[in-house]
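Chain lettering (A, B, C and D) follows the sequence in which the chains are written, and residue indices restart at 1 in each chain.
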Amino acid sequence: MNSFGHMFRVSIFGESHGIQIGVVIDGCPPGIALTEDDLKEDFARRRAGGRGTTPRVEPDIPSIVSGVFQGKTTGAPLTIVFENTNIKSGDYSNLWDQPRPGHADYTAQQKYSGYNDPRGGGHFSGRITLGIVAAGVVAKKILGSVSVTATLIEAGGSKDIAAAVEAAIEAKDSIGGLIECRCTNMPVGLGEPFFDSAEALIAHMVFAVPATRGIEFGSGFASASMKGSEHNDCITDEEGKTATNNASGINGGITNGNDIVFRVPIKPTSSIGLPQDTYNFKEKSVSTLLIEGRHDVCIAIRIPVVIECATAIVLADLMLRERRG
Amino acid sequence: MNSFGHMFRVSIFGESHGIQIGVVIDGCPPGIALTEDDLKEDFARRRAGGRGTTPRVEPDIPSIVSGVFQGKTTGAPLTIVFENTNIKSGDYSNLWDQPRPGHADYTAQQKYSGYNDPRGGGHFSGRITLGIVAAGVVAKKILGSVSVTATLIEAGGSKDIAAAVEAAIEAKDSIGGLIECRCTNMPVGLGEPFFDSAEALIAHMVFAVPATRGIEFGSGFASASMKGSEHNDCITDEEGKTATNNASGINGGITNGNDIVFRVPIKPTSSIGLPQDTYNFKEKSVSTLLIEGRHDVCIAIRIPVVIECATAIVLADLMLRERRG
Amino acid sequence: MNSFGHMFRVSIFGESHGIQIGVVIDGCPPGIALTEDDLKEDFARRRAGGRGTTPRVEPDIPSIVSGVFQGKTTGAPLTIVFENTNIKSGDYSNLWDQPRPGHADYTAQQKYSGYNDPRGGGHFSGRITLGIVAAGVVAKKILGSVSVTATLIEAGGSKDIAAAVEAAIEAKDSIGGLIECRCTNMPVGLGEPFFDSAEALIAHMVFAVPATRGIEFGSGFASASMKGSEHNDCITDEEGKTATNNASGINGGITNGNDIVFRVPIKPTSSIGLPQDTYNFKEKSVSTLLIEGRHDVCIAIRIPVVIECATAIVLADLMLRERRG
Amino acid sequence: MNSFGHMFRVSIFGESHGIQIGVVIDGCPPGIALTEDDLKEDFARRRAGGRGTTPRVEPDIPSIVSGVFQGKTTGAPLTIVFENTNIKSGDYSNLWDQPRPGHADYTAQQKYSGYNDPRGGGHFSGRITLGIVAAGVVAKKILGSVSVTATLIEAGGSKDIAAAVEAAIEAKDSIGGLIECRCTNMPVGLGEPFFDSAEALIAHMVFAVPATRGIEFGSGFASASMKGSEHNDCITDEEGKTATNNASGINGGITNGNDIVFRVPIKPTSSIGLPQDTYNFKEKSVSTLLIEGRHDVCIAIRIPVVIECATAIVLADLMLRERRG
C-alpha cells in the first residue's frame, strides 16, 4: 500500500500532471512549529536547476492544508499539498506503443490494465517524492539532536562530479551516482530484532525512492571479504562507543549509539538524448525510440535530500515507538 | 513489530534456549498439501554440520500444531513449532559485564532494560530464523512456477569457498560471504510504486535475516558508474523480456517478468576463537575477552536457504495481494 | 491511526475551519468510472438544509485531485478534497475556559496538550465525515450487486420523525434517533473468524462515525432474552438461505449470504439552544453556558448516508481481500 | 487477519481438536512479572463446570514458551500455548451434510472450500478465546490502576440467573444473557478521533468474541429517545468528572477520565438438546437434526471474563500508544 510507518505514518498521492500531489502524515505529535517556509530549504535541494538537472523547474509551492493551527502541529493528520501548475496536455499514446526502457511505462500498463495515468510518468514520477521530502522536514523536527545528512559522493564513477556531468551532457547520455548518508548523535535502542530491524526499515524506505539500486550499511559488501577479527567493532566506553563502526551503529537490528552510515547507488536517468532500440508493441518489432525534450542528466544530484528525508521518517517513527516505554 | 506481510503474514517467536520457538502464518490459502516432511530439505540446508559450521547440531524437528487438517492447510492460522532440546543452564552474567563485539548483547540489554533473555543470544539468536525457513517452504508452494534460488558465491573474498573456510578454521577466525538470489519465471505486475515496491519489500525482509550487511539488485552498485545508454534494458518481445537485466526484473517497483536477481553480503561470524579487546562494564575499562566454545566459522554457508525462504515469503505475499483483481 | 481498511484503505484529514478536508483511498482497483458528479447524490443526503438540520449549509464541492484519469480510477491513490469556504475567524478562547458538554473540547485539549484546532470542533467536526461519504460512493461501485441502505427509523423515540423534530425545535432542545442499515444480495464468505469478523469490522467503522452510541446485529439485544430454539436460523436451501435471520447474515464472523441487518442509536446533538450548567475552568466552578448560533436539532437525520457509506467501505475491503483466492 | 492491536498486538491460533492452541503477544513491555499461575484465576472463570455449562471440562494448562525469562517479560514476543488433551477422533462428515444452525459449519466450508478443520468447530471454537484471556491477563498488568470488570447481569431475560438456567436445562434448550463491563480509574486521552476511537476499538474486539450480538456504550440505545438536555454530561470539576455518564467516559473517541461502561448481549448457545429442522445438503431437503452430546446451556455465563480480557487488551494497546508523547 502507499503508506509507511507505524507511529509516524506517511501516505503520498498524486500524479506528475495531475491536479494536486501531496502527503498525509498521521501520528505527528502536537506542538511542533511548522510553516511552509520550513520546507523551502530541502525543496530547493531537491529542485532541478543546476547543470545536469532538467531545465523544467517547477515552483513546488507547498500548502499546509490540515494539522497545523497557529503555526504548530495539532496532533491531527497533517496534510501538505502542491498544485501542479503549467500542465500541458500532450499525446501520450506513443508510451503505449513503445514503452520507454528503464521506465515503468510497461509495468504500469500491465499492472493497472491500461488505466494508469501515463502523463509525465503519472504516479510513478519522481515528482511524487516531494511528499517524502515534506514529511522528512517534519520528521527532522522530531529527531531532536539526531542529525541525518546525505551527500552525493560520486557521479559516473568519478569523484569530480561536475566534470562527469559535463561529459554526460556532451554525450547526450546520462550517468548514475553514489550517495552516502550518515546519522549522528544516535540514541541507543531504536529498532527491533528481525522484521523491524533498523536496517530493514531504512532499506525499505530507501527503495521507495525511485532509481535506487542497492544499499549497504557500514562495512557493506566489503564485509563479505572480511574476517571476524577485523569486522567486530570493539566497545571502548560506557556509552557503547566503538573503535570501528563496521556495524553502522546497529547490532541485532537495534541502534547502539554509534553513527548509522549507509551508501546507496543511483542508476543513470532512464531518459536520455540518444536514440535507443526497444520493442514497439504496435509494429510488433524492435524499433528505434528517440525521447524528446530535456531531462536530468544525473538524477543522483537531486536525490540526496530525498534519501535524507526518507531516513529521517524512519528514525522519527522508531523514536515515537520507543518513547512508549 | 515481529511480523511481516500483508496477505501472507509471518510472525516468529522464541529464544535460543527457551522452551519452544515457532512461526505463525496468517493468510495462508486453504488446500495446500503440507506435512512436516516437506520442511526437511530446507531445514537440512540451514542446519550446521559441514566444515565451517558449528559442531553443535540441533535436530530442528518441526511440529505443525495448527492450520493443517488431513494433510492440507485449512485457511486458519498455520503454526509450526520446534522444541528446544538439550538446553543447558549456564552462567550468562559475563555477557552483562562484557558484551561480545558484533553481537546484540549490549543493545538488547539497553533496549529491554536488562530483562532480555541472554541465553545463547535469546530472541536474537539466528536459530529463530527456523521460523522464516518454515514459512518460506509454505510460501514456495504458493509461488507455482516461480522459482527462487539462493547460493553462496564467495566466502572470505574467494570463490574457492572450501579453501577459504579451512584457512579461517586454521586461523581461529571467521569469514564473511556473498550470496546471490535469483527468482525466475516471474509474473508481470507484482509490487507497488514507492513504499511497497518489490525491491523495498525484498530488502526489508532480507535485512530481517541476521548478519546481512547490504543488498543490490541487478546492476546494483555498479550502476552508480554506468551510463543510461548502457543501463537501460531494451524490451525485445511482447512478453516484456529484455536484452539485458540491469533492472533486476523490476521497473517502478513492479515486476516486469524478467528474473529478479540480487546479491547480499554476509558479515563474518561475530564469535571467533581469537581473543578480542572490548569494554568491560564491571571493570570500567577495556579488557580482553575470549569466547569459549565452538562456533560457525562462516555463517554465510547456512544463510542462502534463509534468504531464499525470506524472498519466497515476499513473493507469496505479493502474489496473494495481486490475485485480488 | 486515522486510516481504515486492509485492501481498500481510507484515510481522512482536515478540520472544520481548515483550508481543505479530504480523503485518500489506497487500494482502489483501476478502471472504475468516477466523476465528481457521482458524489452529488450522497452528499446531498448528508447535507444540512431540511427541518431539524443546521441552517448553515456548506456547498461540499468535491475535487478529485489524484487517482482518476480520463474518468476512470487508475489504481494509484485516489484523493478527493473539499475546500472550506466562508471560514470566519472567531474567538474560541471560551472553549478552553468552559468546554461544551457532550463535545470533544475537553478531551481534545487534554490529549493534544492544548495544540488542537478548536475552530468549529477542528478535526473532531462531523464535517470530516464527508471523506467517509466520498470513499463510500467509490466503495459502492466495487460492491457490484450488493446493496447497502441505511434509513432513520425513529427520532426522539417516535416513528413520526417530522413531529418529533418540530417539538425539539420548539423546545430549543435536540433529539436522538435510530438508524437501521441493511445489506442485500450478499455473497457467502466475507469476513474472518475472530478479530476480523464481519461484525467486528462493521462495528469498528460505525463507531468511527461521531454520535453513534451502540450497534446491534440481527436479534441484537433481544437475543439476550431468547432461547436457542427460537434464535437459531434454520437453513432452507442450497444457497444457505435461512428461514429467520437472527444472525444478521453472519456466522462465525463470515457472511452466509443472507442480509446483514444492524441498528445504530444516534445520540441527540450535543449543542442545544438551552442554557446548560458545566464546569468553567477559568472561574474554577460550575457556571451556566449558553451556546450561540443555530445547530442541528437532530443530527441523526444526516447520518444514515454516512453509516451506509461506512458499511460499504468495510464490504468493499472484505470483497477485495477475498478475491485473492 | 488473525491479529489485533497496534503496540500490543495479539495473534491467536489453534483448533478445538488440534495439537496446540495459543497466543502470541507482540509489543509487551519488558519487566512485567508473569508466571503460569497468574492465568489460573481468569481461566477458572472462563472454564466450564457450573450449572448451565458443558460437563466437558478441559484442564486449560498454559505453558509460557517464549518471552519470559526468570519470571519477567523480556520484551520479545510472548507466547502462551495450551495442549489439547483427550482429543477423540470422531466422524464429522455429518457436519458437511447438514450444517448445524447458528454455527459456522456452513460458512467455514464455503469460505475455505471445504478444507477447514470441522472437529469440534475447528478454529471457530470458543476454545480459541483462551488466548484472548491469556493476553488479557498480561494486559491487565499494563493497566496499572485502571480496573476492568465484566459481569453477567441477566440470563434468558431474567435477573435470577440460576433459575433461568435451571429452566433451560429442563427444557433441553439454551438461553442468552446480558453482560455489563465497567472500566474505572480511567486516564484522560486514550483513543483517537474517528477510526481508532476508544469505542471503535473496544467494539471491534468485543465482536471478535463469538456469540456477541451487539454493544452499547453508556446511554446506548436509550440515547435514540433522549433529548440533548438530558443526555449531555455536565463537567463538574477540574479532573473532568461529569455529573452523569451517558457518554460512557468517551468524547470524540477519546477517554475523558470517567468510567467506560458498556453492555453486550450474548445469543443463546447454538447447540441445543432439542431436535431442529435445517437443510440437509446430501438429501437436498430440510430434515430434522439432533445434536448429540452435552452443551453449554448458557454460554453467557463463561463469557464475562473474555469480554473483560478483550477490553483490557484494547486499553493496554491504547495506553502503550499514548505513552509515546
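By definition in this document, a residue touches a chain if its C-beta (ideal position, glycine included) is under 8 Å from a C-beta of that chain, and two chains touch if they have at least 3 such contacts.
Going by UniProt, the chains are A, B, C, D = Chorismate synthase.
All values reported here derive from a predicted model rather than from experimental measurement.
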{"item": "Of B-C and A-B, pair with higher C-beta contact tally", "value": "A-B"}
{"item": "Relative to subunit A, chain with the most remote C-alpha centre", "value": "D"}
{"item": "Distance from subunit C to subunit A - Cα centre to Cα centre, in angstrom", "value": "37"}
{"item": "Between subunit C and subunit B, distance of the C-alpha-averaged centres to the nearest whole Å", "value": "44"}
{"item": "Computed distance of Cα centres, subunit B from subunit A, in Å", "value": "25"}
{"item": "Overlap residues in subunit D, where contacts from two or more other chains coincide", "value": "1-3, 6, 12, 76, 111, 113, 123, 193, 325"}
{"item": "Of all residues in subunit C, those that touch subunit D in their complex", "value": "1-4, 6, 12, 99, 101-104, 106-108, 110-111, 113, 123-124, 128, 154-157, 168, 171, 173-178, 188-189, 192-197, 199-201, 203-208, 210, 212-238, 240, 242, 246-247, 250-256, 263, 265-272, 274, 276-279, 281, 284, 286, 300, 325"}
{"item": "In the complex with subunit C, residue positions of subunit B that touch it", "value": "6-7, 29, 76, 193, 320-321, 323-325"}
{"item": "Footprint of subunit C on subunit A - complex, ascending", "value": "1-3, 9, 11-15, 18-22, 24, 26-27, 30-31, 63-67, 69, 72-79, 81, 111-113, 115-119, 122-123"}
